[in-house]
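After this come two complexes, each holding subunit A, first together with subunit B and then together with subunit C.
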Partner chain A sequence: MSIQVENIRKSFGAFTALHDISLDVPTNQLVGLLGPSGSGKTTLLRIIAGLERADGGRVLFNNEDVTHLDARRRRVGFVFQQYALFRHLTVADNIAFGLRLLPRAERPSRRDIRDRVRELLSLVQLDNLAGRYPAQLSGGQKQRVALARALALKPEVLLLDEPFGALDAKVRKDLRRWLRRLHEQISVTSIFVTHDQEEAMEVSDKVVVMSQGRVEQMGSPLQVYEQPASRFVFDFLGHINSLEGLYDGHNWRSGDAFLRLDTQGACPDGALTLYLRPHEAELAAAPTEAAHLPVRVAGRSVFGGTVTVELEPQGWGAEVLEVELDRVRWDALQPDRQPALYLLPRRLQTVTCDGDLGPQVAPA
Partner chain B sequence: MPRYAHQWLLIAAAFATVILMLVLPLLLILHQAFAHGLAPVMEALTSNDMGHAIRLTVVVALITVPVNLVFGILLAWCVTRFEFRGRKLLTTLIDIPFAMSPVVAGLCYLVVYGSQGLLGGWLADIDVQLMFALPGMVMVTIFVSCPYVARVLIPLMQSQGPEEEEAAVLMGASGWQVFWYVTLPKIRWALLYGVILTNARAVGEFGAVSVVSGLIRGETLTLPLLIQMLHEDYNTVGAFTAAGLLAAMALVTLLLKTVLEWRQRV
Partner chain C sequence: MTALLRTRHSVLPGFTLSFSLSVLFICLVILLPLSGLAVHVSGMGWDTYWNVITDPRSIASFKVTVLSAAGASVINAIVGLLLAWVITRYRFPGRRLMEALVDLPFALPTAVAGLTLAALFADNGWLGQWFSLAGIQVSYTWVGIMIAMSFTSLPFVVRAVQPVLEDLTPDLEEAAATLGASPLASFRKVILAQVMPALLTGTGLAFTRSLGEYGGVIFIAGNLPYETEIVSLLVNIRLEEYDFAAASALASIILLASLVLLFGIQGLQARLVKRWHGL
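Up next is the complex of A and B:
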């Protein structure tokens, strides 16, 4: 079932939570709503579910207007951030809840309900916990029960509000891979809300980046990362280093440092900020003709195959820079024996003085 | 464990106060009632006035408790599940019966519904008598005991949040089903606690009821009013028997409340 959101607006008193949001989610896609807290993503999800009424705009399921349809008739599966399991019911009864409420004509027999519960429990890999109460489950188990419960009525739309928000890092990672696989098994159109960019990137077919009640960009995870539409998107997706300096049409300078950049006239002379992603740079013992950025190593942390290095600019800039380097190359460089080190950016994002994103450039 | 003498002293003082101010008077009631043996007590208990007072007290409680049960649930639901203008004001208004002296409440009802009152003339015209009769006594008892259920439920429902109810709605539950299958099981112990408190207040109410009852012997005397009346008549055994009965009711209530508090924690 496809989901369309058209020009949705919502305010709470004087605070505008959503400004004119439009979205298009094709059938069976898994879309991540990504944004910092307060960006309106949960409000949007609740409006799609029917738990919140929009001030204007429409919500359509399969091109059918459901804006004024009651939440109980929308037939969406919803997973709450804090699970919202019925604390007085067992796991099995939680999952069977929706099935037992069906009108008599549609309600499966007792045995069918039992079979369906068992099937769902095995889908979420909790076969032997049917008789437990929510208070006796771990966070990850609760989350999977909540998901099984949301899927019990075979919804064609599944909405998840920060589904892994309250779990620890390891469980999060397992669960989100599992969600991805599950989504491939069953045919359901899903939207999930998250503030974790890694999660959104890994799980979604499409990412919708939101900020202050507006959609900043919508696209595949790769697209959003490689071609950010705004400074906010670039900023929000991963750590960035900001290099400030002056540009004269050929060279960018800051103190002792310079970069030869050909922006093909896209950047005017004057102040020019460059954004550098931590993994888009190398470290070398000597500068090149196009890049002269002397640095000193201020700290390092090794994790797996990557070394995260903190660099202090020498004679330019002020802020400590963070770059991620391949560990083999880092070791080969023997940084402790080098009298001086130079940062060699592979790709830089230009930001013009009015704050817009310019072209992405490489020193040459 | 306390380690110093002054800590023990403080605890001893607390116990002494409780015994002197609470337990001793209670024991004295029983002692006074049984001062002349069992026979006068039985006689007092089986007297017509006493029987009527017990029945009336129970009837008032039986009407008051369900009314306030429903009222309390509706109010708590309303205040915790919806955002609306005046919500804060409403939660403050709930406390009026707590803050106001019951006698004042009784007088207020008299001013509105009494024969000289605001609606009194009109009520007399259609031949309805509220004051100095059962309806008026029930009305003031409902008034003075109405905050208990809501006051117990509001903080609980606030802390539980609306998510479980929302989850039920999204699974197709109607408003009534949500209440019956989700909300009620979540609040049942607190609700029972609220009912016990309401009942205790309804049974024991004196001030407000005294104003609107007119104190008609054999007609509008509840147990607390009867005690006062018997005491004024120097019928010591009767007064203390009735008082003992009321105190026993209170103790049973207290016991129930303790059991419930223990259940809630488990």
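Up next is the complex of A and C:
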């Protein structure tokens, strides 16, 4: 089932949560709504579910207007951040809750309900926990029960509100991969809300980046990362280093540091800020003709195959920089024996003085 | 001893002291009077005991007390749940005042409450005149007794239910709604089902309390033997007649009923809590 959101607006008193949002989610896609808290992503999800009423605009499922349908008539599966399991019911009864409430004509027989519950339990890999109460489950298990419960009525739309928000890092990672696989097994159009960039990037077919009640960009994870549509998107997706300096048409300077940049006239002379992603730079014992950025190592942390290094600029103005280097190359550099180190950016994002994103450039 | 108690080592010292004090206190305040009562009763012999409690006047007073207490408990279960719901779910001016007023029946001497209620529901009282217009006699009937009992025991229900309602986050109702539950179905299957143990506990306590209520009731009851005479009053009458044995016999019945109810409630509560909290 496809989902269309058209010009949705919502305010809470004086605070405008959503300004004129429009979205198109094709059938069977898994879309991540990504944004910082207060960006309106949860409100949008709740409006799609019918748990919240929009002040204006329409919500369509398969081109059918459902704007004025109650949550209970929309037939969507909804998974809550805090699971919202019924603690007085066993796992099996939680999952069967919706099936038992169906009007008599549609309600499956007792046996069919039992079979359906068993099927769902095996889908979420909790076959032997049917008789437990929610309080006897771990967070990850609870969330899987919540998911099974949401899927019990075979909804064509599945909405998940920060589904892994309350779980610890390891369980989170397992569960989101599992969700990705599950989504490929069943035919359902899903939207999930998250503030975790990594999660959105890993799980979604498409990412919708939201900020202050507006959609900043919608695209595949690679697209929003490689071609951010706005400064906000660039800023929000992963850590960035910001280098501020002056540009004269050929060179960017800040104190003792300089970069030779050819922006082909896209950046006017004057103040020019450069954004550098941590993994788009190298460290060397000597500067090049195009890049002279002296730095000193202020801290490092080794994790897996990468080394995250904190660098203090020497003789030029910038905050402490963070770069991620390949561990083998880092060791080969023997940084402790070098009298001086130089940062060599591979790619930089220019930010023009009006705050918009300029072209991406490399020192040459 | 330590193996028997199996307490986890606590950072606060003084388990032995605090435990002993608690036991001592329970003995002095509760067990001692109870055993006094038992001694009185056991001295009178089974036949006399039976005669006292099956005396028609006693039977009538048991009936009045239990029926009024049951009626009061039903009212309290409904009103108490509603009050607790309003206090926990809504934010409105005067909410704190309402919250404080709930405890008023506990704070007020019950005799004061009784006098006030008697004045209110008298045939020419503020409320009583409307009831008498509708042809309902409140004062000097079991209806009056019921109202007095429900006034003095309402806080039990509210205070028992309130914490549970506070625990029930709105996302539970929303979850029920997305699963197709009508408002009525989600109230019954989600809210009421989870509140039920606390509601039963609160109502049970209110009932127990109503069985023994004295001050709140006697002013409005009229105290007609065989009609509106409650057990506590009858106990008092027997005491004034220096018939300690009869008074004790009657009191022992109320006591027994209260104890059975309390233990029953405790057991039920423990079973459900154990299940739901995964212990």
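Note that in this section the second predicted complex is superposed on the first by the 363 of 364 C-alpha atoms of A that agree within 3 Å, B and C clash if a C-alpha of one lies under 4 Å from a C-alpha of the other, contacts with A are read in each partner's own complex, and residues count from 1 in each chain.
Criterion: a contact is a pair of C-beta atoms (placed from the backbone, for glycine too) under 8 Å apart; a residue touches a chain by one contact, two chains touch by 3 or more.
Only a predicted model underlies this, so the values are computations on that prediction, with no experimental measurement involved.
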Task = State whether subunit B and subunit C clash or fit side by side on subunit A once the two structures are superposed.
result = clash
Query = Which touches a greater number of subunit A residues, subunit B or subunit C?
reply = C
Key: Touching partner for A:88 - first (subunit B), second (subunit C), both, neither   = both
Request  = Figure out whether A:97 sits in contact with subunit B (first) or subunit C (second), or with both, or with neither.
outcome  = both
Request  = Have a look at where A:72 lands relative to subunit B and subunit C in the superposition and call it first, second, both or neither.
outcome  = both
Inquiry  = Quick check for you: in the superposed arrangement, does A:135 touch first (subunit B), second (subunit C), both or neither?
reply    = second
Request  = Once the two structures are superposed, pull the subunit A residues common to the subunit B and subunit C interfaces.
outcome  = 49-51, 71-78, 80, 82, 84, 86-88, 97-98, 101-102, 149, 152-153
Query = Residues of subunit A touching subunit B in their complex?
reply = 49-51, 71-78, 80, 82, 84-88, 97-98, 101-102, 149, 152-153
Key: Interfacial residue positions of subunit C with respect to subunit A in the complex   = 169, 171-172, 174-182, 185, 189-190, 193-194, 275-278
Inquiry  = Show me the residue ranges of subunit A that touch subunit C in the complex, using the header's touch definition.
reply    = 49-51, 70-78, 80, 82, 84, 86-88, 97-98, 101-102, 132-136, 146, 149-150, 152-153
Interface residues, subunit B side, partner subunit A - complex = 161, 163-164, 166-174, 177, 181-182, 185-186
